[in-house]
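Common to both upcoming complexes is subunit A, partnered first by subunit B, then by subunit C.
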Partner chain A sequence: MRLLNKDAVIIGGGPAGLAAAIQLKKNGIDNILIIEREKNLGGILRQCIHDGFGLTRFGKSLSGPEYAQIFIDEANDLGIEALTDTSVINITYGKVVTAVNRGGIFHVQSKAVVLAMGCRERTRGAINIPGARPAGIYNAGVAQSYINLHNTMVGREIVILGSGDIGMIMARRLTLEGAHVKAVFEAQAYPSGLPRNIEQCLNDYGIPLYLSHTVTKICGRRRVEGVVVSRVDSAFSPIDGTEKFFSCDTLILSVGLIPENELSLMAGVELDRRTRGAYVNDSFETGCSGIFAAGNVLHVHDLVDFVSIEAEELAASAAEYVSSDCLPKASIVVVPGRNVGYAVPQRVSGEKNFTLSFRVKQPIENCKVTVSQGGNVISEVKMRKAIPANMIQIKISADRLESGKEIEVTAV
Partner chain B sequence: MCLRKVYDAIIIGGGVVGSSVARELARYHIKVCVLEKEADVCCGNSSRNTGVLHAGFLYKTGSLQAKFAVEGNAAFEQISKELDVPYKRTGKLTIGFTEGERERLLKLKSQGDRNGVPNLSIIGRDEIKQVDPNVEAEFALYSPTSGIMCPYMYTIALAENAKLNGVDYYFENEVCSVKKEKDGAFSVSTAKGRLYSRWIINSAGLGAPTVAAMLGSAGYAYKPVKGEYILLDKRAIEQIRVPVYPAPDEKGVTDLHATPTIDGNVLMGPTCNDVVQSCDLDTTADSLDYIVKKGASIFKGMKTEWIIRSFSGIMPRFVERGTSGYLDFLIEHHPDNPNVVNLLGMDSPALTGAYPIGKYVADIVAAQEKLAKNNSFDPCRKGIKKFSEQDVETRCEMIEQNPDYGEIVCRCEYVTKAEIVEALNNPLGVTSVNGIKYRTRATMGRCQGGYCETRIASIIQESKGLDRKDIRLDNSRSYMFTGEVRESCGCSTKTPSL
Partner chain C sequence: MTGQLICIVCPAGCEMTACIKDGKLEVWGEKCKRGLEYAEREFTNPMRTIATSVLVDNGELPLAPVRLDNPVPKKQIFNIMREIKAVRLEAPVHIGQIVLSDVCGCGSDVVVTKNVGRAQPRL
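And then the complex of A and B:
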C-alpha cells in the first residue's frame, strides 16, 4: 500500500476545493493534492447548466460548468495535482487520509486537511412524507443530474415540493424539456430559495408557488400517480379539510441541503447543530488542529461566488498553518442572537479581520443587523429586507474587538 | 411470451416460506418451479418486518408457531453458514416496570420454558445493564437465543440456492386461476401462460386464502394488520445492543419496539393497525408520529434527524371467525385433495420458522411420492463479498484482482461497482434497482440513493443493454424514466461516461 506525504490534502474538487487549492499554491504551498470522487473536477457545478454564476466574483453571468472551468484551468496551469475517480474513505485526527480508486488503496499523511465535500440533499425519508414508495420520487439535484448529465427524462407531469433554489431551477428545466410542472409547494410561509429564481424560474413560466402547503401523502403503488397536498399551520401541521389531490407521475423534492460531514466526524471534528457543519474559528480551522473546512460542507451557501471566496480565505490560514504549524488561538465565541439562525465562524481570535456569515431566521423588513461584544456595538447595518434565503456577510475588523467577551449578532 | 410448462410441483409465492419450501424440495428428485407475482422474491411481508430471529416464548405451547420458532432458531446457525447470510444471536430484552407486566413476563417465561426455549430468565436492573447499558427498566425477560438477521438477504439466499439446485422461478406471474384436469393434474393460469403440475404448494402469503379457494379450500380469511416502521441512521446504533421490546399489555398485544438491524441501523416499530385492504402499504402520518413519540420512551436514540426511511408491512393475521382470536399457522394437507398443501396464516414467526416449515412441507411431498434424494443437491450458496467488511489487505487484493472494487458507487454503504455488477448477474435474473438494493445495500444509506442511483441506473443500462425507459424500480409497471431528454446520435446505447 502506498503512503504519500503532503503539505495539504483537499477533499473534494468542487468550487470550494478548487479555490482552496489554487490559493494554497499561490501562498507557496506546493505539495498539495485534490481528491475528487467524480470523473471530473467541478463538483455540483458540472450539472448546473443554467447561468447566474459569477456575478459577484467575475461581474458576469456564467453557467456552472463555465464558472468551474475557470478554476479548473487555473489549477491545471499551476500544476496542482488532482486525483479524480477517487473516494476518500477515512480521515484520522492525525490527518492521515485514506482513499480508494481503481489502482488500489492509499494513505496520505498530510500537514493540513481541507474539508471541501459540499453538501447533499435532504430526502423524502428524512422529512417523513407518508404514503406509498413508488418510482418517480426524485430529489431535485438527482433529477438535475439525470437530465443534464445522463440525457434522461425523469417524468412528464411534475409536482415539486420545496422552494429551494435547485427545485425552482428544475421547474424551469423540466418545463423547457417539455414536461408539465403543475405547481411548487412550500411548507414555510415564505420561499426558501432566492427571489431571482422565483422570478426567472417560476413566474416567467406561469408555474404557481403555494406557500404554507406541503405534500401529506404520496399515491401510486408502482409509479407516482399523484400527491395529496394540504395547507399547513404556523407549526407546519397539516390543516384537516384542506387536502387536495394533484395527479402527477413525478414528485421532485427540494427540501433542504445537509453539509456532508461523514468524513469530518471520522476525524473527530465537532459539528454545530445549527449549520450541521464544523465549528470553525476565524482561520476556518475546525476543532481538530490542522483540519479546515469551507464552502457547503461548512454551511450551505446560496451563491457559489461566496463559496470560492470563503475557500480562499481558508487557504490563506491553512498556508500559514503549514508554514508555521500554529494559528492564533480563537477564544472569543460568536453566538447567533435574536432572529439569527446561525453564525460562522463560531469562534474568533480577535487578532485578525474576519467575515461574519449568517442567516436570519424569519424574513424581516427594515432590518437592523447588530454585531456587538459585551454591550459594545462593533458593527451595525441597516437592510431594507433580510430573508433566510440570502446569506448575509459583514466584515469585522480586529481592532474593534476585545478579548474574552462573547460576540453576538442580531437581526431585528 | 406464452409460457407452457409441466412440473411435478408448483410453489405459489416467493416469500421466505415459499423459497424455503423450494430449497427443501430441491433436495429430492422432483421438478419444481416457483410462481411469484412480483419481479423478485421477498417483495411482500417477508421483507417488511423487524428481522428478528425469535426464541419461541411468545407462542402457545403445542402450537406449530412454537414448534417452528424453536426449531428454526436452533437451526439458524447452520443455515446462515450454508447460505452465507449474516445473523447475530444478540439476545433480546422484553422489559417491564409494573407488577402487572412482571406477571405477564413470568407467564411468557414459563410458556417459553414449556416450548423448549433455552435459558430464559427474568433479570433485574443490574443484569439488564450488563446486557445493554442503554436500557432503562425495572426488570426484563431475557432470551439469550433471540437474534437479528436480514430477512431479504435470507430469502434471496434460499431462493438462489433453490434455483442453483434446479428450481425454476417465474416472476410477474400472478396466478389467475387453477383448474383440475381430468388426469388429476392442476393447470395454473397466469397472465403470461399456463403451467401444469401434480402438486401445488400454496405459500402466497397474504394471497394464500384466495389461492386456497382456487384449490378448493374456500372460507379462510385474514384480518390484515398494518405495521409501520421507521428506519434510523447508523449513528443511532451506538445506543442499542439488543432488540428491546415492551412487555405485552393485558390483551397480549406488544407495542412497537427498538431493534438493531444486522446491517447496523436501528428499526423502530411496528405499529399495529387494522386495515381494510391487504394491498394498502401506505405509511400514515398518524403512525409515523406515534413511532417518533412513543419510540422515544423505549429508545433514547429516537431522533427525528436520524430518520432515513419509513415503510410498512401487512401481517397476514389469521383469525377465527366469530371470536376474532388469532389462530396458529395452518398447514393444510387433506386426503380429499392429496396433492395440495396450503400454508395459511404465515405471520410471525414464519421468518424464524421458514426452514423447518419448508422441511415439513417437503417431507409431506417426499413421503407421499416416495421421492429419491437428489444426491447432487448442494446446500451451500455464496453471497456477494462485501468490500466494506474486509480488512485493508483483503481490500487491496480485491482491487488488484478486479479494479471495479476500487470504484465506490454507494458512498454511504461503501458498495463498489464490482458488487453492483455481481448483483446484476444474480441467479434469479433480477435487474431492477430495488433488486440491486436488496442484494448490495446500495441506496440504503442516509442519502437514500442521492449519490449512487444515477450510477446504478447507468451500470444496469450498460451491462444489460437496456434503454433508459426499460429501467425499473421494482416490477414492470414501476418505470424510472420516461425516456431520453434529447434523441441520442444512435451510435451507442451507452450514456457518455462522466
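And then the complex of A and C:
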C-alpha cells in the first residue's frame, strides 16, 4: 500500500480548503496536498451561479464559479498539489489520512490535517414530514445542481419549505427558467435567510413568503401532487383547523445546513452540539493536536468571503504548528450567553488577537452585543438590528484579556 | 409618498425609509452611499442583474453559467432571459467571454462565468 508523507493535508477543495492551502504555501509550507472528492476544485461554488460573492473580499460582485476560479488559479500558480476524484475515507488521531480513487487506496502521514469538508443539507427525513414518498421532493442544493450543472429542470409547479438563502435563490432561478413558484413557507416566525434575498429573489417575482407555516403532509402516488400546509404555534406545533392544500408537482426543501463531520469524528475530534462543528481554539485547532478546522465544517457561515478569511487565519496557525510543533495553550473558555446561539472559537489562549464569530438566536432590534470577561467589558457593539441570518464577527485584542477567566458574549 | 425598502447592494441588507418631499427624495437608514443610489433608482427605474446558463456543445459540462455585467431595468428581465436562451456556444468557453453585447439594448453584456473545456474523446 502506498504511503505518502506531507506537512499538511487539506481535506476538501472548496473555498475553505483552497484558501487554507494557498495561505499555508505563502507561509512557507511547501509539502501540502488538497484532497477533493469531486471531479473539479471549487466545492459548492461551482453550482452557485448567481452573483453577490466577493463583495467583502474583492469589492465586486462575482458569481460562485468566478470567485472559486480566483483561488483555483492562485493554487495552480503556486504549484499546490491537488488530487480530485479522490475520497478520504478515514483520518486517525495520529494524522494518517486514508483516501481512495481510481488508482486504489493510499495513506498519507501528515504533520497537520486541515478539515475543510463544508456542510450538507438537512433532508426530509431530518424534519419528519408525514405523508407519501413520491418523486419530486428535492433539497434546494440538489435542485440547484440539477438545473445549473446538469441542465435538468426539476418541476413546473413549485412549493418551497424553508426560507434559507439557497431556497430563496432557487425560487428566483426556477422562476427565470419558466417554473411557477407558488409560495415559500417558513416554520419560524422570522425568515432564516438574508433580507436582500427576500427582496431580490421573492418580492421581485411576486412570490409570497408565509412565516409560522409548515408542510404537514405530502400527497401524491408516483409524483408529488400537492402539499398540506398548516400554521404553527410558537413551539412549532401545527394548529388544528389551519390546514390548506396547495397543488404542486415539486417540493423544494431549504431547511438548514449541517457541518459534515463524519471524518472528524473518526479522528476523535469532539463536536460542539450548538454548531455541530468541532470545538476549536484561537488557532482553529480542534481537540486533537495538529488537526484544524475552518469554514462551513466548523460552523455554517452566511457568506463565502468569511469562509476564505477564516481559512486563511487557520493556515497561519497551522503553518506555525508545522514549523514549531506547538501552539499557545488555550485555557480561556468562551461561552455563548443570553440570546447567543453559539460562539467560535470555544477556547482562546489570550496570547493573540482573534475574531469572535457568533449568531443571535432571534431577531433583536436596537441590539447591544457585549463581550465580557469576569464582569469586565472587553468589547461592546451596538447594532440597529441583529438577525440570526447574519453571522456577527467582533475582533478581540489579546491585551484586553486576563488568563483563566471565562469570556461571555451576550446580545440584548 | 413614503416607502420602506431593503437595500440589495450588499449582504448588510440595510432597511431604509425613503420619502419624496418637494420633488426631492430623502432617505434614512442607509449605511453607505450605494444605499442612497439604490433607493433613488428603486423609485425611478428599478434595476437588477440576473444570472443563468447557456448550452455548450462538445463541452465537459452541458452548460456554462453566465451573468449580466451591469444592472438592467427590472421589467426587461424576462426579455433578456429569452435572448440568452437562444444562445449556443461551442466548447471551450472561458470566464469573461462575452456571449451577447448590449443585450436588448439595455447597456449590459452577458458574460460567461465558468471555464468549460472540450469534452475528452471517449476511448
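By definition in this document, the second predicted complex is superposed on the first by the 412 of 412 C-alpha atoms of A that agree within 3 Å, B and C clash if a C-alpha of one lies under 4 Å from a C-alpha of the other, contacts with A are read in each partner's own complex, and residues count from 1 in each chain.
FYI, contacts are C-beta pairs under 8 Å (C-beta built on N, C-alpha and C of every residue); 3 or more make two chains touch, one makes a residue touch a chain.
Keep in mind that this is a model prediction, so the values were computed, not measured.
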item: Subunit A: partner with more touched residues, subunit B or subunit C; value: B
item: Which superposed partner A:55 touches (first subunit B, second subunit C, both, neither); value: second
item: Partner chain in contact with A:204 - subunit B first, subunit C second, else both or neither; value: second
item: Partner chain in contact with A:303 - subunit B first, subunit C second, else both or neither; value: second
item: Partner chain in contact with A:372 - subunit B first, subunit C second, else both or neither; value: neither
item: Subunit B versus subunit C as contact partner of A:289, first or second or both or neither; value: neither
item: Partner chain(s) touched by A:355 [first = subunit B, second = subunit C, both, neither]; value: neither
item: On subunit A, positions contacted by subunit B and by subunit C; value: 46, 147, 149-151, 177
item: Footprint of subunit C on subunit A - complex, ascending; value: 46, 49-52, 55-56, 61-63, 65-66, 69, 147-151, 173, 176-177, 194-196, 198-200, 204, 302-303, 384-385, 390
item: Residues on subunit A engaged by subunit B in the complex (per definition of touch); value: 1, 37-40, 46, 85, 87, 89, 100-105, 120-121, 123-126, 128, 130-136, 139, 141-142, 145-147, 149-156, 177, 216-217, 219, 221-223, 238, 249, 262
item: Subunit C residues within the subunit A interface of the complex; value: 5-8, 10-11, 13, 15, 29, 48-53, 55, 61-63, 65, 67, 74, 77-78, 81, 95, 113-115
item: Interfacial residue positions of subunit B with respect to subunit A in the complex; value: 230-231, 279, 281-285, 287-288, 292, 304-305, 307-311, 392, 395-396, 399-400, 403-404, 406-408, 411-412, 414, 447-451, 453-454, 457-458, 468, 472-475, 477-486, 488, 495-498
